[in-house]
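Both complexes below contain chain A, partnered by chain B and then by chain C.
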Partner chain A sequence: MTSLTLVLGVQPGMRGRWLGRIAEAWALPLLALTVALLAFGAFLAACGVNPLAAAALIWRGAFGTWFSWQNTLQKASPLLLTGLAMALPARVGLMVIGGEGALVIGGLACAVIGPTLAGLAGSAGGALLAQALMLAGGMAAGALWLMIPGALRFWRGVNETISSLLLNTIAIAVMNQLVEGVLRDPLSLNKPSTVPLAPGLMLGQIPGLSVHVGLAFGLVLCVAAGVLMQRTSFGFAASVNGGNPRAAQMVGIDVGRLILIACALAGASAGLAGAVEVAAVQGSATASLAAGYGYSGILVAFLARHNPFAIIPVALLLGGIAASDGLLQRHLDLPDATVAVLQGFVFIAVLAAETFSGRLRLRCRLWLPLPLSLRGEPRDG
Partner chain B sequence: MADLGAAGVALALFGGAIRASTPFLFVSLGECLTELSGRINLGLEGTLVCGAMSAYGAALLSGSPWLGVLAAALVGALLGALHAGLCSLKRVNDIAVGIALMVLGTGLAFFFGKPLIQPRAPMLPALHVCPTCQFAPLRAALDINPLFLIGVALAFVLRWGLANTRPGLVLRTVGDSSEAARAMGYAPLWVRLWATMAGGALAGIGGAFLSLYYPGSWNEGLSSGQGLIAVALVIFARWRPLACLFASLLFGAAGALGPALQSIGVHQGTYLFNAAPYALTLAIMIASASRRGTRVSAPGELGAMH
Partner chain C sequence: MSLGPYFLRPVVRPLSRRALLAMTSGLAAALAPGRRAGAAGTLEIGFLYVGARDDYGYNQAHAEGAAAVKKMPGVKVLEEERIPETVDVVKSMDSMIELDDAALLFPTSFGYYNPFVLQEAKKYPKVQFRHCGGLWTEKDPKNAGSYFGYIDECQYLSGIVAGHMSKTKKLGFVAAKPIPQVLRNINAFTLGAQRVDPKITTTVIFTGDWSMPVKEAEATNALADQGIDVVTCHVDSPKVTIQTAEGRGLYTCGYHVNQAPLAPKGYLTGAEWNWATVYRNFVAEMQAGKPLPNFVRGGLREGIVKTSPYGAMVPAAARAEADAVKAKLIAGDFVIFKGPIADNTGKQVIAAGVDHGQTDLWLEKMDWLAAGVIGKT
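For the complex of A and B:
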């Protein structure tokens, strides 16, 4: 018996580069996650908390039981959509972090449209039509909202990160104003809200799960966006512009159109997240629409390196961490900001790991016991 | 103030300009320094909140509010060093690091700030400019915090220092062309490190003002985005310290609009008036930017901006 050394990806050929890219897509986020978790463990230890106990609790709260899985899926479903809202403009080279605002505006639009369609709730077909209209309304409102920072960036050169953050605050103020003012349901006493949707118009749950259908929307949109970004000329133009805007202009790509479409798609997915929050969870628009899903989506997108397919596992992971929040608070007496600190650590590590992108040479040597007759010479490049 | 009507609103805006402008002033001066060195630090919102928490905690433990201000400056400088260190790695984007520091800074502040919500820390004293004024609202409007005066003086010092001293020149050279600075024998990464740390320290002091003077308590809703507005304000101020001062006064006044209107009985649109500073910032950004014009006075190395 002897062994065979497989050296992958060091050849300059296409296959080597392809393997290197796959390895980079997985290795960099995993490296960052490991470093962040170790640092977070050290942080907890410095605070006098046993990091292993915390890790066990996070695991139990996120993926340990069927109940916690459902909880995780529930938390992950808006993150799929708000992660897309960050990732799509990022592919075009824009850092739009307006997911929170677009989510709120989308939810508000859904809550305004819903009660006007109450008459359709009677028949099954009518309810389906009403639901489709509500969700489409939320998506359209979110799309228009996020097209603002894109348009300002393209035509006025306004920094899209700052303008989208300001628009978040403005969106929340507009929602609060309307919910406590003209749109307020007179029957909502303690907690102002809009007129609730008719029960027949509420979105149902995925069969077999106690998770609403928003999860399915998120999964479908992530896959669709992944195909759009990786298999179409639109996606190619987007990554050209994201990599080098001057090159995109030189080859005649309509950059304005590209930016507006990417922002509109991003806003539509965040708006859908808000509409689902209203139509499947809360039943009306209230101040709790702005629960921070838009901001968590930023981290999801960065950890997925703005790849729509990768958003799916990342949203599950971060949804799981969010789902374990309560357990950490109850059992270890940690403050509710613990998850935010962990997210901060992960975020920093992910960005620091970017420095290795494109420089990662995969030298994966597989040592396999093989019969003598199959012994191959190790190749090295 | 209810019987004063419009005059009362004007007085409240004047008082607000003095009272609420200090955090804007410190954060915008800090960000001005950082951006002149060629980097943008969007994380100052997190630094502001973290500074507010550390100032409150340190003042509570030591009994001295001024030690609180010092602690806030140190924490701010540390967060600034983290930003500069991460950005000095190749292929790491300064805007993204800023977003991450916003998350980390507020997370750390809320994590360590949980036990600080109940107890009362000693507050920074006010200078009573007009202690004999008969008229209470005017007297209140003229209670000035020393930090405000320090901030105003700092704006003038920076204005002079950036134009007339060697460090000021080095800073601006690095910001305009790191190639040129390197050719002259200066290390851009170190200059940026110092500039970002100084910017973080100033933002931390801005946070100390929030928790130790006005509103003068620690809670998780303490900052309502002042750090972010101040970053936007630097662009509007065209990277000039004195313009930062005037913009901060304007925003202090804009923030006082909602409460002032409420006090004379205008109860409609509270949320919208509270959002006025954000809408104003956006409007100013749109008005002062243009596809080509913005670059004219911008530091040349501020690549991510446009």
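For the complex of A and C:
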């Protein structure tokens, strides 16, 4: 099999190889991103649009001004949580794409709990407690929702990708049914919605930013999930199972528990995104809850190679691309689909780059030559 | 002819100096910091759509209005499509105001109003916001406002034509959700048809959401299988329904915009928005420095709605009857919801001698289907 070797140094050594792996983890996505941007530039040029002007607009809309930064952060915040919803089960080896459904169910739970706590809105402490209960309710509902595909997978052998995808449709249908039926606020005539939250229960914005607190939740959960997956025995067990479920069972890992916990954590993340959508943005559950954040999260997780820490920069990148969408449409008269094309190029390039994983050897030369006995044999890709 | 030498030619032409200059100047312009005010006296106007601008439906109707505004002197039109009804629309409005210099915004989707347009109107008191849907009330910010049209007038006219054309006396209606706006269209269409023959029925299928192409196609096919021979709809994009019906050899009545190009054989007429009237008026008033009205509503009389030209297959008798009612609607002496009207459970909803004229707020709470409509709210 051919292997693409980028030799940065000469001697492959143990330490060199370790550094090489880190370098590879960064180099592959960056290489993929560069290829995607070049392909996108060519696409724009073929459409008769100046790629440099488009690049400048993307930069300006995403990161060029303080306003753009806040826009980017706002667009990134649901993606942090829905990205986790894909990435966590993926570490255990499950491709669960049910983030959209868990988000909707979490938002719905929050919208059901919220109005019952309207009495707490009066005092600051009461409001805080009510908000905590609403968010916890959203997380719990999302967790239970995504445990369904996990349980079906473990006990019945049902393909979790298909079942979670179908559960998205079911979640949206359940939400529509309830919002247009028993949960409908009689005052919402042409846009059916649940009874709105008391204004005192709405989550505010992060001080100094025009970005709601969902961003902070997303950042904290990504870091926490990163620590869990990379620094704990649970995370180790997860990656063992992700690599080889048979082996995991052989060494006595409780695979069922592992799967259910990973799915529950994933559902809780997406459920939190939905609860924030209700408690910080919409004020009630409506059909607008299913805005596609769950599906964008799949892209985020794959680009981050299911590494929770990496979800943060990837969500910022995709949030930035989304934030610049408006400027591209307004100034270059491009359709909305243009940004989808860019996202598509990025996605395909990253997936293609994955196939080079472990074959692209970046060898870093160390200035201290290692003794021969410590040198690893070069692997044949 | 040999292609060899052609392939050997370099594919990438060297950049001419002019092209390079154009590219770098574009780059420089785009990188220019801060807000870029338009040329002196230029009014920047933003249009925000929830779906695609060329959807043959709701969004295209607004984009056609925006296109009419583009032709006016002294304006620059900014358009963004496919903006979800979430904080995304807030950010898009912010961006039009902050990164461009929009002074008048038209967020066109119904779900943008509460809370998003209200928030923005408070945040930017100098920017004018006019929202499609008729939700503005006196307690809302004065720099916000609403506009909407009485499109059930056109649905009634479509119903008359459909009533003349139907042989099976069975009409079909593909609808998104059982909300007052949709029920009013279904009832107006049915009442128009029953004017021709009181025995006519309309079978309604609700798809559950505004854009469900697969369900819309299934619903249309199901209607065709039941022997229904004229179909209309109220969904965001009628494209699928109209094309499917045309494929099944049915007659169709359009909605939102003119779908005749999609169904040359079966397209009878349709109920269309004429947002160009509304948008041009707002812009002209803004340019003249006059305060913008907060609430604009109207029907055929005000030119806010219109009907598609009749298809060639529509006979003279049908045209004559529809045109006569249209003339009365334009003159303002015709009431669609005129008692006695019973709902389809047999209950009388409008007593004999009671008129509910177009501006009657009672109509905006409609939660019933008229007798002859087969379906449930």
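We adopt the following convention: the second predicted complex is superposed on the first by the 347 of 381 C-alpha atoms of A that agree within 3 Å, B and C clash if a C-alpha of one lies under 4 Å from a C-alpha of the other, contacts with A are read in each partner's own complex, and residues count from 1 in each chain.
FYI, a residue touches a chain if its C-beta (ideal position, glycine included) is under 8 Å from a C-beta of that chain, and two chains touch if they have at least 3 such contacts.
Nothing here was measured: the structure is a model prediction, and the numbers come from that model.
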item	value
Three-chain arrangement built on chain A, chain B and chain C clash or fit	clash
Touching partner for A:A323 - first (chain B), second (chain C), both, neither	second
Touched partner set for A:A173, first chain B, second chain C, both or neither	both
Touched partner set for A:G271, first chain B, second chain C, both or neither	neither
Touched partner set for A:L152, first chain B, second chain C, both or neither	first
Contacts of A:I348 with chain B and chain C, given as first, second, both or neither	first
First (chain B), second (chain C), both or neither touched by A:G235	neither
First (chain B), second (chain C), both or neither touched by A:L52	second
Partner chain(s) touched by A:P335 [first = chain B, second = chain C, both, neither]	both
Intersection of the chain A residues that touch chain B with those that touch chain C	173, 176, 180, 335-336
In the complex, chain A residues that touch chain B	95, 97, 152, 155-159, 161-163, 165-167, 169-170, 173-174, 176-177, 180-181, 295, 298-299, 302, 335-338, 340-345, 347-348, 350-352, 354-355, 357-358
Contacting residues of chain B [partner chain A, same complex]	42, 82, 86, 89-93, 95-97, 99-101, 103-111, 114, 224-225, 228-229, 231-232, 235, 268-272, 274-275, 278-279, 281-282, 285-286, 289-292, 294, 305-306
Contacting residues of chain A [partner chain C, same complex]	50, 52-53, 55-57, 59-61, 64-65, 67-68, 71, 74-75, 173, 176, 180, 189-192, 210, 212, 277, 281-283, 286-288, 291-292, 323, 325-327, 329-331, 335-336
Chain A-facing residues of chain C, complex	22-24, 26-27, 29-31, 33-34, 46, 52-53, 78-82, 84-88, 91-92, 94-96, 98-100, 110-111, 115, 133, 177-181, 208-209, 364-365
